[in-house]
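Labels run A, B and C following the written order; every chain starts at residue 1.
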Amino acid sequence: MKMSNKTLNKISSFFVSLKSQPMTVVLFLCASFSIVILFLMLFFVAREGAYAFTKFGPDLLFGMQWDLESNVFGGFPLLFGSLLVTFGALVIAIPIGVSTAIFVSEVLPFHLRDPIKSIIELLASIPSVLYGFIGLLIVVPLMADIFGLPSGQTALTASLVLSLMTIPTIVSVSGEIISAVPKDYKEAALGLGATKWETIKSVVLPIAKSGILASIMLGFGRAIGETIAVSMISGNQAHVASSFLDAVYTIPAFIATHMGEAAVGSLEYSALFGLGLILLIITFIVNTLADVVVKRGVQR
Amino acid sequence: MSYEDKIDIRQLNIWFGEKHVIRGVDLKIKANAVTAIMGPSGCGKSTLLRAFNRMNDVIKTSKTTGDVFIGEKNVYENGTNVYDLRRQVGMVFQKPNPLPKSIYENVAFGPKIHKMAKGKALDKVVEKSLRSAALWDEVKDRLNDSAFDLSGGQQQRLCIARALAVDPEVILMDEPCSALDPAATAKIEQLIRILSSDYTVVIVTHNMQQASRVSDYTVFLYLGKIIEQGKTKGIFENPQHELTEQYITGEFG
Amino acid sequence: MVICLLAFFWIVATLFTGFGTLNVDLLTTSALKGGYFEMIVGTVYLFLGAAAIAGPIGVFAAIYLVEYAPGGKLTRIIDQAINNLAGVPSIIIGLFGYTLFSRQLGFGISLLSGWLTLALMILPIVIRGSEEAIRIVPTSFKQAALGLGATKWKAISLTTLIAAMPGIVTSVILGIARVAGETAAILFTSSVIITRGLPTSPFEPVMALSFNIYVKIVARGESPENVFGIALILFFIVVAFSLVAIILRIYYRRKQPWLS
């Protein structure tokens, strides 16, 4: 890539300005720390996963078999499990999350907003191991009863609990955007005789569209990376599930349960990192896109 | 009273980005006197004032050319220590801006950061500054209270005391009374008169009566240029320039 | 909305049914005798250390972003990186911490590796919270200090930063609430199922409440009733920190005179 003189000048004057103020350098380094960590993360996870990638190529992700004895590692059942559980969770979480966000920031009386937001925040800070624990205690037996299954540890169980964990993300991100819609617009619509619901539908939602989309993407990133809760309640069976009532294994749950046994440096060890790398890249893409979508929305 | 020049400005130009805000200003400001800068909103009064202690440097888009001599020294010379300059040229802002600290700590803030005094000596500096700002009697029993507990007028005098505590030679005031009620304004005006015997005071004001009450000299600024300057009495009684006359008689501004 | 509330109360109600299993004596009994002592203290060690590492870095980063950053591309990239870091799944943070801290740097399965790994999860929370806290401080404080001849750093650190401190502390507490029950990130880096007493140096492994719940259920197949006590303690710790953060925030919003 060719750099113009102007950018070069800019960059050099930037470094000169850093030099004259030592404290600025320290602050700048702290701020750049996140970038450094992300690069290191990509580097190390990729380094450990390289062996499996060179060996299997795309089969690491699309191969049907994960077999320690024949040293063949294909993650398709896991990828499928992850997507299935995440899809199920979003199908539940999106309508509830978005309507909650609308309700909290448009309908709810002012003095109730902060307490409700606080409860949602509390819900968000409950650790996943406790969600898994509660799922195991309540949802799993419930599922077994309702559907008459021998075990209630199914994809649907995981989706249900996961949706509960995703809702706070969707509510807080899209709620923020919805409440940022300028009052003038709403008042204009109300002034024309639109009802509250018509105003929300015709004015608020179109403007907040990008924010809601971004919140769904972030929710997706959350859900697909969730490890502990899912691995406690999804049954952990590495096969391509035939229905939501089947047990499944997801990529992060699989990594969590197999890392301990895989010999360091072995092909399986590397394959686990390979799966991790794929997960990392997926969340990178989703998070970056979410940011872009929000910024686009704000500019308009 | 000695009326020698304290500040000497030569061909000062200031831009904010593309916007040319101060356009070739030449101005001399007398020592130990009060000089008022007047002019309609947005003409560059604050910008001109902030050039004297290089507070415009803080704004990234600003660019300054020309010279400002304070005493013998050109403050826009390379190698000027702006931090020492700002100690020497104190500033009082439009809205009283006490720090979220006690009354004592507010006044002690400057001497502390410049390591000018500590312990007993610092107590003395604080007392002296509060006395000079005519605030001592009102606060001497509650120096450890939060500065926010004071009234607006008291807060502004606290800010003046804070500026005096670092032993400045010049005091810049940017509409120091615009956020205050008439009684508090009267007190500050009185204080400004007293301060002028020890300090060079430059005050920006929108208020014509205020300018005529407190200042010895007046500068009329319009669109970044000086239209007229001279003794306050002369300008108010016998303005030379049409614009000045219109401004004083309240036809615009 | 209603579902959220119901879910929340349902969780709380269920947890309370397990109250009977919580024996106060167990809190101070060593794990070797079936108690929870080392797990509780280990959990506290872990999040305190992580907060101590992430706190200063996060605050400095926030100061840079609010007060120093020139805007433009580089700043945008930094901003994006912080969001991305916040979105990395904790299992990947765990894999990374294991590779870099435990193996590459040779810290092994230890408290230190756990601190560093968890710090990466607290960092974005502290940065975002501190940015917000610094942003709402009026610039007039900084102006006053600059007008008195303070350098930029002195003006910010002696006025803006001090005024922002309550908000900053709140963000650190919130960060602690988010990692106190973290499991995936300490799975490979710092925790073991049992230790003899507390760690005596940062290079020793620790026990943790979350780790114990997870391993007992998933690896050992124990029934959830067996870990009810541990789960309750963890729940109380997390909720306590979240509540403190929330209350602090509301309290200081009301108290700071310059915000009214």
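Definition applied: contacts are C-beta pairs under 8 Å (C-beta built on N, C-alpha and C of every residue); 3 or more make two chains touch, one makes a residue touch a chain.
The structure presented is a predicted model; accordingly, all values stated were derived computationally and were not measured.
Most remote chain with respect to subunit C, judged by CA-atom centres, is B. When chain centres are taken as C-alpha averages, the shortest distance to the whole-protein C-alpha average belongs to C. Mean C-alpha position of subunit B lies 47 Å from that of subunit C.
Separation between the centroids of subunit A and subunit C, computed from CA atoms only, is 19 Å. We define each chain's centre as the mean of its Cα atoms; on that basis subunit A and subunit B are separated by 55 Å. Within subunit B, no positions touching two or more other chains are listed.
Residues of subunit C found to touch two or more other chains are 70, 152. The part of subunit C that touches subunit A in the complex is made up of residues 1, 3-5, 7-8, 10-11, 14-15, 56-58, 60-61, 63-65, 68-70, 74, 77-78, 80-96, 98-100, 103-104, 120, 123-124, 127, 152-153, 174, 177-178, 180-184, 187-188, 210, 213-214, 217-219, 224-225, 227, 231, 234-235, 238-239, 241-243, 246, 250.
Interface of subunit A with subunit C (complex): residues 14, 21, 23-24, 26-28, 30-35, 37-38, 40-41, 44-45, 47-48, 96, 99-100, 103-104, 114, 116, 118-123, 125-130, 132-134, 136-138, 164, 167, 171, 218, 221-222, 224-228, 231-232, 236, 252, 255-257, 259-260, 264, 272-273, 276, 279-280, 283-284, 286-288, 291. By the touch rule above, subunit B contacts subunit C in their complex via residues 53, 55, 58, 60, 82-88, 90-91, 93, 95, 97-100, 109-110, 113-114, 146, 148, 159, 162-163, 166.
Those residues of subunit C that touch subunit B in the shared complex are 70, 138, 140-141, 143-152, 154, 158-159, 162-163, 256-258.
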